[in-house]
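Paired with subunit B in one complex and with subunit C in the other, subunit A is shared by the two complexes that follow.
== the complex of A and B ==
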């Protein structure tokens, strides 16, 4: 107590005061010094490039040009007029809107089915997890063969049923839905594994308590215990899947190149085309900013929901 | 309220026989405690009664009806789990309401929005709320109704678990070590509360514990289990004073009963460490026996011929009483005597003292099987032997 009194009222011992202040300054400096490497790397590798991209989106820079002009919001204005961009945004949102719920619920379903098995769990886990481990590029080629109109497995099967063969990836009406199927197929296994971890962490006691409390149907087990206790996992899975779906690129690049007639154009693929096919770096930078806004929005919603609802 | 019958229940997990044909009749309104060391099968037996585990053979009846084919929810039981098993996402009020919601509301009435539409359901909901409040007030947790389990202390969680069990007036209460997660002080307090609860509800209680003190203090009867067998079923006093087996004698009572080894002599008495003790067990001469003497029946006197002697190794002062830890020559187990503290003013560690006890307080067990042997005193009971 005496020493704080001295400090608070500027008492007779300035030496103590100065010493304490110097020490706290030293402590602060130490803290900054220790976090400096991490801060420096974050600025260099994350924040810096984002700022550069943001600045570039206000110019007319093209890759290879020696100079550039500031053009203000011209790139963004152009986007609103750009049919490809409007199509890409629409397709991307549709893709996310279908792939996220489908892969989340199918993943949950697969996890619960596999967990309820008495034997063969490891086999089914491996089957569903295989697409996650395989390179999507390679898997896209497998899909291309399966969907081939002449000798593809799927077309052959349909032919057996007397249905007409279709060039699934080359038709306007089916190209995007096919990419969604591949997206779901790929995300499902990852989501399943996360849900499985969540399921095993639910205490068995709760199911037993519910059973004695009168909830013996699988319906009430799911709604009273499984679903609420999985909610932290579900939120995480939804966010991860949403971010990954926004980034869909590989199958588009390998299978459709955004076509036919931009029917399967998505945001990242347009970004790639503008930046690396047409060398319109500034416009591509503008598209990147739009993409980052979506990602930030998802992350923000996640942290808000996390704070409010899902804590136990 | 109902009686519970356990008939020839057997259960094995793999090659391990967890329950070896258990028979037990629990009377209506009784507080029956299943007690035994961990791994003796008591929890398994409780879970079989609840229907959470299926027996390999035998039958369970509740209120005279066999319930083996019924699911746990149809047996009309309530259970308090060791972990309390509270739903973490529900408030205290919602937790207590779950058994009523599950039984009194239909599936559509339980739905979040649609369930609100039916006027009949609204009436049921008000009734549920009333019941929850009644139970909460009875258990003194009414001020916690809006909290989540995470925000409660261990003792409060325990009360919520009890509240959830009693809200529905079940036939039988099952409790699986409900106090083992509480600190020592609270545990002693909750013992009284649970005993009070049993008195006020009058329902049959089946209580599982490994703590002999809980068994002794709360039960109408105690069922002592060891290695899958039921060894003795009796009221607490009888289990303590008249144990049927050396394992029961050793398990019940703290500090543990003192065990001395001896042999039946030609005179029919028991020779122990060269001293003849005046009990006459009903068995042939030369039989190896074990003698049990409770610490509080043992007194410390002067060492002398014809008296068991031991050395004081440690003194524990409990306030009114003193625990005297002794070591006897040729006996591996230490001996403990519980004596009024004022009689031991002179005692010092390292002293050689004589053990004084009445032959009537000696329990004789078979040296091999551990079964209790009937015995009678050769000296009159009133007279302190060796005194």
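== the complex of A and C ==
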């Protein structure tokens, strides 16, 4: 790395060159030393494992076995025949497909409502953000009680209205939808806060300019100024919510175990089952690779959309 | 605010709409607290009463504390989150400083690796890391809960971005004083980075306090359980209709973070926004 004095003189004088080299050597060593622990751990706990997972997916390894065989694409072939896998992918995509739009729109709505208030902003913000703070596992169990067909709030309310109660989480048609409700319930507040940050960074004068131009209805305000300027935030929120929803696990494990009859089976749950219940490590590794492909696809879509559509 | 005059009625409508939405948001909390105060007969009677007809608050909460080692679970949560965050800082800060303020060959590559690692979701590495811990013989220990998370590429990224905004003269002055680069990281950079450190800490503590997946797979000894695992165990253990104590347990599990949040709201939200907006 040439220092400025060598470049200024058009060629290194020996003394300057040696000095520069010695200085940068010391700087190099220090830099390496400072970042070595992090690099080592990144290799050991992040990059290495991803490579291991990739390779493992081509074997038949099970934890506890002394040895393993290379089996090529056998695991992937099994996946295509695996009803559970097909259900898992389908349910996960459905879950993401509902939770993302719902929690993004509701979060945006809440953010816009709260931001435009004259008082009570901090209060409402706290209220709507509460689900994000509360340990999902505990709240999932509370939701389960709320949905309890005999004692929960929801069934009591239905009884009051003369409607029959259902065992929401135990029925094939309502198990996954209920999980979606819980997912939306939690994601809403998080998205709201991100949108609020985005909204406050929109310059006021744009709205004033719009007023002067004669377009001052709420709708044109939103469509001409707010929405375009929010697009980077919106994109970010959509991607983050999609990635997080894709990884749904906690409520599934504690409330439905993927049932009834795989009605609420999701990808990470199957990964957990195969990898840590059945210890079919290689097959679970294959599932992990599929999972990674989806996650990378979502991220890739984000960068493509970023290039094309985001207004600045 | 922006709307000027038409807002009195508009403002009221907005508050009403928000209140209706809040019913959905707060319903589980209300159910949880209300049920935790009721006796089992009261619960069995049904009805929508939020105030208990028959109080059993003391019984429920003490049942929750004695039927499972709930306090032990909370303590484990504290131990694990504090250790994870401390080690994360120790490892991330020097690296972030090197990336932000030093010039060295390989800096670009290392930063690219950090960005790449940011894309890796935690579940993806679970199987190999688990096998690694298994081979090391440290499954079912505090170490197994802490070690996999001490590398926080998110933390490295966050702190690097922040460090880049620190003026160079501060650092040059320290160098003139004869401070080593290591000393600079901890005596100069860290103190100026408190807001970013707080954001990092909030993010880390929340994520690891609430983590269910990892403790689920590495732990089998109940005395090491963290709060999420603890309450899930309580639920499966209580097969009968003991909803009062179950709700009491849930209330106690979420209480620390919720109370911390209510006291330090702005910090939390700043933290989430800062980490979110990168």
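As a working rule, the second predicted complex is superposed on the first by the 269 of 312 C-alpha atoms of A that agree within 3 Å, B and C clash if a C-alpha of one lies under 4 Å from a C-alpha of the other, contacts with A are read in each partner's own complex, and residues count from 1 in each chain.
Everything that follows uses one rule, which is that a contact is a pair of C-beta atoms (placed from the backbone, for glycine too) under 8 Å apart; a residue touches a chain by one contact, two chains touch by 3 or more.
In this text, all values refer to a predicted model and were calculated from it rather than measured experimentally.
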Mind checking the superposed model to see whether subunit B and subunit C fit together on subunit A or clash?
-> fit
After superposition on the shared chain, which partner residues are touched by A:240: those of subunit B (first), subunit C (second), both, or neither?
-> second
What is the contact status of A:52 with respect to subunit B (first) and subunit C (second): first, second, both, or neither?
-> second
What is the contact status of A:98 with respect to subunit B (first) and subunit C (second): first, second, both, or neither?
-> neither
After superposition on the shared chain, which partner residues are touched by A:185: those of subunit B (first), subunit C (second), both, or neither?
-> second
Can A:31 be said to touch subunit B (first), subunit C (second), both, or neither?
-> second
So, does A:301 touch the first partner subunit B, the second partner subunit C, both, or neither?
-> neither
Comparing the two partners subunit B and subunit C, which touches a greater set of residues in subunit A = C
Could you grab the smallest C-alpha gap between subunit B and subunit C in the overlay, to the nearest Å?
-> 7
Subunit C touches which residues of subunit A in the complex?
-> 1, 24, 27-28, 30-32, 34-35, 37-39, 41-42, 44-50, 52-53, 56, 63, 106, 110, 113-114, 116-118, 120, 122, 124-131, 133-139, 141-143, 145-146, 148, 150-153, 156-157, 159-160, 185, 188-190, 193-194, 196-197, 204, 207, 233, 236, 240, 243, 247, 249-250, 253-254, 268, 271-272, 275-276, 281, 284-285, 288, 291-292, 295-296, 299
For the complex, which residues does subunit B have touching subunit A?
-> 50-52, 71-74, 77-79, 81, 83, 85, 87-90, 98-99, 102-103, 107, 110, 148-150, 164
Taking the complex as given, what residues does subunit A use to touch subunit B?
-> 203, 205-206, 208-217, 219-220, 224-225, 228-229, 231, 312
Listed in rising order, subunit C residues that touch subunit A in their complex are 1-3, 7, 11, 14-15, 17-18, 21-22, 24-32, 35, 43-44, 46-48, 91-92, 94-95, 97-99, 102-107, 110, 113-114, 116-117, 119-121, 123-132, 134, 148, 150-151, 153, 156, 180-182, 185, 206, 209-210, 212-213, 216-217, 227-229, 231-232, 235, 241, 243, 246-247, 249-250, 253-254, 257-258, 261-262, 265, 268-269, 272-273, 276-277
